[in-house]
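To start, the structure under review is shown below, and the notes come after it.
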Amino acid sequence: MRIRRREMAFNYTVLIIFSAIAVIPLLGVLLSAVTPKGDPQGGFQLPSGLDLGNFVEAWNRGHFSTYMTSSALVTISVVVLTTIMSTLAGFAFARMDFPGKNALFFMLLAGLLLPAEAFIIPLYYNLRSAGITDTYWALILPQTAQSLAFGVFWMRNQFRTFPHEIMEAGRLDGASDWKLLWKVIVPPSIPAISTMCLLVAMWTWNEFLIPLIMVSSENLRTAPLGLAFFQGQHITDYSLLAAAGVIVALPIVLLYIFLQRRFISGMVNGISSR
Amino acid sequence: MKKFSRRTVLSAGTAAAIALALEACAPGGSKTTTATSAAVSTDIASAGNVTLTVWDQNTDGGINTAQTQLNAAFMKEHPKVKIERVTRSFADLKTTLKLALTSKTAPDVVQVNQGYPDMGSFVQGQLIRPVDDYAKLYGWDSYYPQQLLDLNRFTPDGKTWQAGNLYGVSQTGEMVGLYYNKKILADLSLKAPRTISEFEALLPKIKAAGMLPISYGDVEKSPGIHIYGIVQAALAGKQAVSDLVTGKGGAWTDDSSVKAAQTLVDWVDKGYLTSDANGISRDAALAAFNSGKSAFTITGTWQLATVDKALGADAGFLVLAPDSSATPVTTGGEGLAWGITAASKNADAAAAYIDYVTNANASQVLIDTGNLPTVPPKDWAPKPNTLTADIASSWKSVNEGSGMVPYLDYSTPTFYDTLTAAVQELTAKQKSPTEFAAALQADYSAFIGKK
Amino acid sequence: MAAILPRRSRRRVRWKAYLYVLPAFAFFAIFLGVPLLQTAQYSFYDWNGIGPSTWAGVQNYVDLILDQKLRDSFVHAGILIFFFAAVPVVLALALTAIISRGARMRGMSIFRTLLFLPQVIASVVVATTWVAIYSPNGLVNQLLRAVGLDSITTAWLGGFATALPAVGLIGSWLGIGLCLVLFLSGVANIQPELFESARLEGAGPVREFLSITLPALRGPIAVALTLTVVAALKTFDLVYITTHGGPGNATSVPAYEAYNRAFNTGQVGSAGAVAVVLTLLILIITVFIQKLQPKDVE
């Protein structure tokens, strides 16, 4: 099919405009973050010079080294737990028959739609009486549960499309289910598993409500939460806030830039199949 | 999405129903009470190494300096005690303290807002510890004026304010007033006002000269309490508003309270307040006043150091009097109370710390860093014609004339939310003064009715 | 979702399967399932979160209708659905219609990366960014001044009429890239011959869109609507950071009300009722949107 040149140019114009709309606010943050203290703040303008001091100041005044460590620890834990449990459950849902399978799967699936408000209030009181609010557990366990709905669903879809012949071959060799899963099925599924890990990592890193409610100690706060309080104290100091925002967003944005194909295909396919 | 058979959905539903039935015991049914009966002591060294976690809201310029100094000095004097300071803005402190107090790792020392919304519910939940024993030990009960101590009192059930146990002491005195720019008033040949009428008479003149009369920003919602508070106090008088806040009588729909609301609306209509104030932060509003862009701003004594630094000799502070009276009245009292959490294992050290940051010695540090201590030293004589001198004399005359009205948000457990939202609606003309008053009264009478 | 069902060679029940499912299910039950039921239970009590509770019957639900503040919060959520879902979906559809004739373009992956970028940024960062953009000297007012519209510059998040649309437009910004990416990849799956033969028959762009593109996009549209509508109803972070529900209660939404009532003002029962209704709304709307899905996808 021949596409007229003018049509093509128009298409590009539309795409460029909307990409710009998506990116300009974020560029504004970057600009603002390197704007020296004396410059007018809050707007979108070229800074008079490049001042990386905002990052240093935000990092130190906002205790971001502590917050980033917390976030990293929580994110890694949630990803590891989710991956293991999703792989196991996904395998069973995809490849085994058992009574109540559909009911169980349906319940897990409902977790994809639940707003956090649906369970967070009693969960807070439950965890408090168990004595684990204000610990990393109160962040890791609920967020793992939240991620499982997606994880199980994702792994089940992955395992269902796994070539039947390879599995049967494994079975004939006398491999148990357990061996079959870890030795035959999981290794070729690593790309799909890592896509899931990326998405779960992103959602966990960016989570706000659960840390807001579950922890109150300074050293347990996660980066987004730290940013929220930092904003409360420096409400008009836009450059400092922008620098802090860049710090908080950076890890996931870096992952995204390097692995963007995986992110996008994961989100488009993963969420599409919801 | 996969279609599920009706049977599947039904069985899931049945399982859910069964689980619900199993769970059918009322929330919050059992509550273990922890009795604190240990003897109190000023000896904190014998407890060995102690870490005190302290939550304060001392983020503004002057008080932050003072707190940093006091903490450092305390740790130097008590090398075995380490202070972990957690600072939150007032709004963030309000939204997080309740959750923090109920966790097992609650902080040791916290700044608690007085009144029903915060202190009342903490007392009811036995989250903070009565400090009457320490008050005796450290002489707080005689150091502070009775009426200020009463602000920090609650009955043990958390239902009656200003009676019963003491739950903390305050570090700073607070009152809301008018900061004014002496130079601007002089340039316009205007005199600083004394009464609310005199003040209102100035506003059109300032406006006519092309100057913003009152810089006001209310993004954080709490400034709304202050601006309505001082107008209401000046129009209704101290006794009426005091009775209202403390639940002794009156209604928010009384004439003078409605009139106060009408006054604010008039100020908005005539352009006496910063436009779009609901979108301007308190910091931005103060910065505008500090850079000479308005003649007045309405805020509390906690901004003393910030204003002093910016305007120096041009800065003045005053408290308005009702037309019929010579005594200035305003809203205020004292800063948030420093309390000890029920969960703290180091109550002795916590009390020693609270004493250290509030006692006479601390008062001097507070004064030196540009703050108003709860109990200023008897011989306090700031340099005349300074902002500090204005604040000192206002503080004295308001207290001597007992013209202090407690903050309005103390009134009911939900009043902070109700009042701050209503003031924003009032100044943005979403609610008429009568509707404003009715909204406050609805919250108020529901609470008074329940009591 | 996988279109081909695996051939099941043996239909024997494997009890060991429960062991595989158990960890995930236990997590789900303890941290989501049981608390979900407790939320429903809480909603029938009057409880301040600290003392003992008293049975309140359906009072908390009655209040959802009687209490203007609560009623408004649901109305606000409805308005947010317009901004979060309707605006980006319609806009993205229009754009897709315009550019579908040249669906295979070079450099698409770069555009996709940029369009998708807002999705990976933490909502707290997005919110603080937009607070600056809407501030009195922020980007929006700068642009207005640049084109001589000084008179309508304002503090966008502080005005009763402007705050909710301002929050809503953040949602539109978040959604537009997502919808575009979804629709463009949907169009890419359409066989080019369809367009070609339509053109040979002399179909104009409108006919082409209505008879080829739109039907092919039913799946992606349903997905986009589900995601954006649920995002609108779940909105919490954006409101918490940008406005705290203000000015007045102009931007309070159910999720924020539930949080504020449960953890700030000591109205846990009422918070539970808000949460229950919100959850039901989300479930019902999702099921409804799923009906749009073409039937052949499982």
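Which chain is which? They are A, B and C, in the order written, and residues in each are numbered from 1.
Throughout what follows, a contact is a pair of C-beta atoms (placed from the backbone, for glycine too) under 8 Å apart; a residue touches a chain by one contact, two chains touch by 3 or more.
In this text, all values refer to a predicted model and were calculated from it rather than measured experimentally.
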Practice problem: Between A-C and B-C, name the chain pair that shares the greater number of C-beta pairs in contact. | Solution: A-C
Quiz item: Which chain is most remote from chain A in terms of Cα centres?
Solution: B
Exercise. Indicate the whole-number Å distance between the mean C-alpha point of chain A and the mean C-alpha point of chain B.
Key: 39
Exercise. Measure off the straight-line distance from the CA centroid of chain A to the CA centroid of chain C, and report it in whole Å.
Key: 16
Quiz item: If you average the Cα atoms of chain B and of chain C to get two centres, how far apart are those centres in Å?
Solution: 38
Practice problem: Spell out, as numbers or ranges, the residues of chain B touching 2 or more other chains. | Solution: 1, 27-28, 91, 99, 102, 219, 284
Self-check item: Shared interface positions of chain C, touching two or more other chains
Solution: 1, 33-34, 38, 41-42, 49, 136, 263, 268
Exercise. Find every residue in chain A that makes contact with two or more other chains and list them.
Key: 107, 122, 124-125, 212-213, 228, 236, 274
Quiz item: Across the complex, what residues on chain C touch chain B?
Solution: 1, 33-34, 37-38, 40-42, 45, 47-55, 136, 154-160, 244-250, 260, 263-268, 290, 293, 298
Quiz prompt | Residues on chain B engaged by chain A in the complex (per definition of touch) | solution = 1, 4-5, 8-9, 11-12, 15, 27-28, 53, 59, 84, 86-89, 91-92, 96, 99-100, 102-107, 219-220, 281, 283-284, 287
Self-check item: Parts of chain C lying in touch with chain A, wherever the complex brings them together
Solution: 1-2, 4-9, 11-18, 20-21, 23-25, 27-28, 30-36, 38-39, 41-42, 49, 95, 98-99, 101-102, 105, 109, 111-125, 128-133, 135-139, 141-142, 173, 176-177, 180-182, 185, 192, 195-196, 219-220, 223, 226-227, 230, 233-234, 236-237, 240-241, 254-255, 258-259, 262-263, 268, 271-272, 274-276, 278-279, 282-283, 286
Practice problem: Flag every residue of chain B that touches chain C in the complex, lowest number first. | Solution: 1-3, 16, 19-20, 23-24, 26-29, 31, 91, 94-95, 98-99, 102, 117, 121, 124-125, 127, 218-219, 221, 276-280, 284, 413-414, 417, 420-422, 424-425, 428, 430-431
Self-check item: chain C-facing residues of chain A, complex
Solution: 1, 3, 7-8, 10-12, 14-16, 18-19, 21-26, 28-29, 32, 40-45, 84-86, 88-89, 91-99, 101, 104, 107-108, 110-111, 113-126, 141-142, 144-146, 148-149, 151-152, 157, 160-162, 164, 168, 177, 202, 205-206, 208-209, 212-213, 223-225, 227-228, 231, 236, 238, 241-242, 244-245, 248-249, 252-253, 256-257, 260-261, 263-264, 267-268, 271-274
